[in-house]
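Both complexes shown next keep chain A, but they swap its partner, so chain B is in the first and chain C is in the second.
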Partner chain A sequence: MQSETKARVEQITSPAGDPVFVLHFEGDIASTSKDAVLGTYQALPKETAKRVLLDFTKVDYINSSGIALVIQLLIEASNFGQKVAAFGLSAHFTKVFTMVGITKYAELFATQAEALAGL
Partner chain B sequence: MARRYLILFFILAGIGRIGWAQASSSGNTASVTIGQSAAPLYGPWKFTVGDSPLDPATHQPLWAEPGFDDSKWENVDLTPKEGATDPMAGFSGYVPGWTAKGHPGYWGYAWYRIRVRLNAQPGEKLAVGGLDDVDDAYQIFANGSLLGGFGDFSSNHPVIYYSQPMMFSLPQGVVKSPEESSQAASRLAPATVVLSFRFWMEPNTLTQADVGGIHSAPLLGDAGTVAAGYQSQWIELIRAYAINPIELVVFLLLALGAFSLTIFDRSDHVYLWMGAVFLLWAANAANLAFGAWTQHLGGVAASVVTDTFLSPLTFAGWVMVWWVWFGLHRPAWLPPTTAGLAVLLAASNVLGGDYFFTVVSHPVSVAFHLVSIVVRLAFLAILLWIVAQGVRLRGMEGWLALPAVLLFGIGHFTVELAYLRIQMIWFPLGMQLTLAHFASLLLAVVLAFLLMRRLLVSLENQRQMALDVKQAQEVQQVILPPAQMTLPGLVIESEYRPALEVGGDFFQIIPHPTDGSVLIIAGDVAGKGLRSGMLVALLVGAIRTAVRFSFDPMVVLNELNHRLLGRGDAQATCLALRIDADGAATLVNAGHLPPYLNGAPLPMEGALPLGMVPGALFTSMNFKLAEGDRLILLSDGIAEARNADGQLYGFDRIEQLLQSHPAAAEIAASAQRFGQQDDISVIAVTRTTAQA
Partner chain C sequence: MSETNTIPAPVSKATTIEVRLPSRMGFEKVAMATASSVAKLMGFRDDRVDDLKTAVGEACINAIEHGNRLNEVLNVGVQLSVSGDSLEVKVIDDGKGMNKQSGKIATPDIDRKMHGDEAARGMGMFLIQALVDEAEWVAAMDGNSSYVRLVIRLDKEQ
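For the complex of A and B:
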């Protein structure tokens, strides 16, 4: 039984003083998570959201459809020239993200602090 | 026992208004001879509008005092016309109120007084009863003493309730006037009592015809007889509004039924709308019953609940029910407009109902009432337009809905039509039935019929869909390679276990017709079920076509990528493996789990799945299979099997499992036992002999 995907946006500041939008995801990410994943991302103001962090700390499960959504997000961000990093993934999903080529679009970090520093 | 027979008589007689006492009037005094009996006080009543000043000494209303000179007040007779009944509740013995007797449009305070000379047994308990039909609240005084009242007069603005029977005991001292005290020892002791009624009527009550004050003559007499009448009037009141609890139960059951249907078909929102509307109707029935039978909910509060919330939401709800039922999508502005109209109706109802007369003046209220009429007409027009579309699109279903919707709409103009003297209320067996009741009943019957029909159609569709799925499953089995294939130098076994009837995993094993090589393509379409199954069919077709022109794994994957691009959410991980006759292997990967060679994963860089971007760069590697080498290709359904605790099967368990050289079916079974979430496919390739 998949749990509903929740998404929350937080705006923080990078060490360099730039605005950074953090998308905190929670629950499972699957085909039904389109609004939570892509919808939340697409609602970000494109003119100011030049740096985006994806927080998977509270995500329990991502299936193939969910991974496809994340890739779509990253491709869209790449087209807009946004810099994206992800953090909080379990070892399993870090490996899965690597296999599907996500690391070509977004660096993966263990924590938000590391991701913020590496952004 | 005698008391029971007395009550029974009142019930059978149609009650309450029958006096057994001898009542007559002469001059300005009524004479009543009491003998274990009661009499209706038809007159002569004195009446005036306005409110009494208070006696500075007693702080009691001067107009209640027995010595007050009411000779200049109007004379009022409460004798009902033969067969007259209350137009709203159906009670017999009805007399029109003050608005029909020279005070049209008047609301506020008014007083009634009657001087009664009565003969009663010494010590006999007397009471005043009846008064089951009044507008709206009153206090009763006997010789200046407050006996009680109906409604709450503790604040400046009295709180009113729907009319209910009341009974007030007359204190012994009240009926024994000083000048007649010498006769107190005689068998019959004549005494004079002045009964005064201070009435308050809400301006909102003016929306009904002939309202104002007393509509049924009070009953005066022996307390036991009055009590019997009081009880029988309660029975009459319960009977009059008995339709409300019946509706409450019926609508709750219908709501439950409608919500239950969502279990069978979550995609059809019409059941949710229906359930919501039936719940609103149930709430309205509960509100009416609660207001009519208790004094826990004020009449104004009950009306505001109906006018502000229930009525507008019900209108909007029915618009949405039929909108969804007939599958309409245009004009797209109609649903939001309906919501806006509901808000406007709520506002115009509450402001046009004279509920807040201290803030909103009557002319302003009248203007809002006109707005309310216009909005209700707009709702009716929208409903009829939707049903007309239903007739056009669905024929019989539309025609069935038409009369029910028409009645429902007209039922919301009860007050206005009553003003035009068009009968909108009937009283079969003493029970109040309005046009709105008939409309809701008819709507419920029509909907029950349509729901049954829809359910049968839905079941037939589901049966057809199940057949389609079964056929798709059979097709998928046909396009899957055999579970075990023995080729020159290779043994290939495969296992496929879809999570649903039709799976999104796919693989093809295609031996080259001439050069002894074999091409293995395995993939996983994002998602599962019939949609994924159809994409699988597309991909398999594309694979079969591509290999006719090239056996190069990279060419094949590029072709598949091209096929999936621009098809919305159609993405798939995939790998293509070519094994030549000499064991040389070329592996190209598009986001799929890398194969395990002799239990260890092949080191491959990640690559995007198919269908993501044009011209995607897929990773490629070459290696050679030696005799006895075993290559295992897995879909992510293995690694992402999840148990009840939410733990994943994971890569560590896979590597551990592969140490025991399990068959493909054993690998699949292990993940399935752990907790299958996605389609599972396993291909095991074993190099048997090294060929040149």
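For the complex of A and C:
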């Protein structure tokens, strides 16, 4: 019943010339998404991945277990001194992420271009 | 020659829709879609429909995972009752329930989560309570079933 989570990594460059890793997610983000969310993140090269963007543009459904995976990702990122931002969330999930406090540790943007500029 | 008939005003009757879900993760989306359809028929704004969908989804996930402990022999019952400008949703499972009727659910503490002092999970009940107008958790006296009752109302400006 749940739509499989797909994740694709893209490396781009910030306006300042720093490498930025974008995790493009697709499908549902729920308890079954651990490998796609955390596994994909954990495979990033820690020595160069100091800036990470999470793309939710093609994600329709995120439940509380999926939000918990994002928080786990942020915990690991904090431990490695990485900066994380997210973009592409619907208005509803922007509200939900804000309600649970995620915005304190990951800024939310409407688009990839805005996130890249604000990272 | 004409005759004027007086048409009686429609009697306000509650309408109930029921769905039964297997206790399998993912089937909460069936209840979410049903709740969404009913709320749209009632004229709720899109943002309120989204609030309701998330609240119903989280209630079903709790019922599947904690109430029925993923036992697929057991069903989760979802009853949607339309009455006037309000939509009541009951999500029923075979668990003992939490009997949390009126107390406020604690807001997740993101700092404690980030520092490992609080589990990353455990936000479902908070989201339910925050996204609908009323939420209560009721345990049956016999300890064999429980339900969460949600109410969402049409805003006056809608």
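Simple rule for what comes next: the second predicted complex is superposed on the first by the 119 of 119 C-alpha atoms of A that agree within 3 Å, B and C clash if a C-alpha of one lies under 4 Å from a C-alpha of the other, contacts with A are read in each partner's own complex, and residues count from 1 in each chain.
Going forward, a contact is a pair of C-beta atoms (placed from the backbone, for glycine too) under 8 Å apart; a residue touches a chain by one contact, two chains touch by 3 or more.
Just so it is clear, the structure is predicted and the values come from calculations on it, not from any experiment.
> For A:75, select first, second, both or neither according to whether it touches chain B, chain C, the two together, or no partner.
Once the two structures are laid over each other on A, A:75 reaches both partners.
> Does the superposition put A:98 against chain B (first), chain C (second), both, or neither?
first
> Does chain B (first) or chain C (second) touch A:61, or do both, or does neither?
In the superposed model, A:61 contacts both chain B and chain C.
> Which holds for A:32: it touches chain B only (first), chain C only (second), both, or neither?
The answer is second: A:32 touches chain C but not chain B.
> Which holds for A:16: it touches chain B only (first), chain C only (second), both, or neither?
Neither: A:16 stays clear of chain B and chain C.
> Under the contact definition given at the top, report the residues of chain A touching chain B in one complex and chain C in the other.
After superposing on chain A, chain A residues 31, 61, 63-65, 67-68, 71-72, 75, 92, 96, 99-102, 104 contact both chain B and chain C.
> List the residues on chain A that touch chain B in their complex, please.
Those residues of chain A that touch chain B are 31, 60-61, 63-65, 67-68, 71-72, 75, 92, 95-104.
> What does chain C use to touch chain A in their complex?
Going by the criterion above, the answer is residues 24-30, 47, 50-51, 54, 57-58, 61, 108-111, 113-114, 116, 119-124, 126-127, 130.
> Write out the stretch or stretches of chain B touching chain A in their complex.
Its residues touching chain A are 504, 524-527, 569, 571, 573, 591-594, 604-609, 612-613, 636, 639-640, 642, 646, 648, 650-651, 677-678.
> What part of chain A is in contact with chain C in the complex they form?
Of all residues in chain A, those touching chain C are 1-2, 30-32, 61, 63-65, 67-69, 71-72, 74-75, 78, 90-92, 96, 99-102, 104-105.
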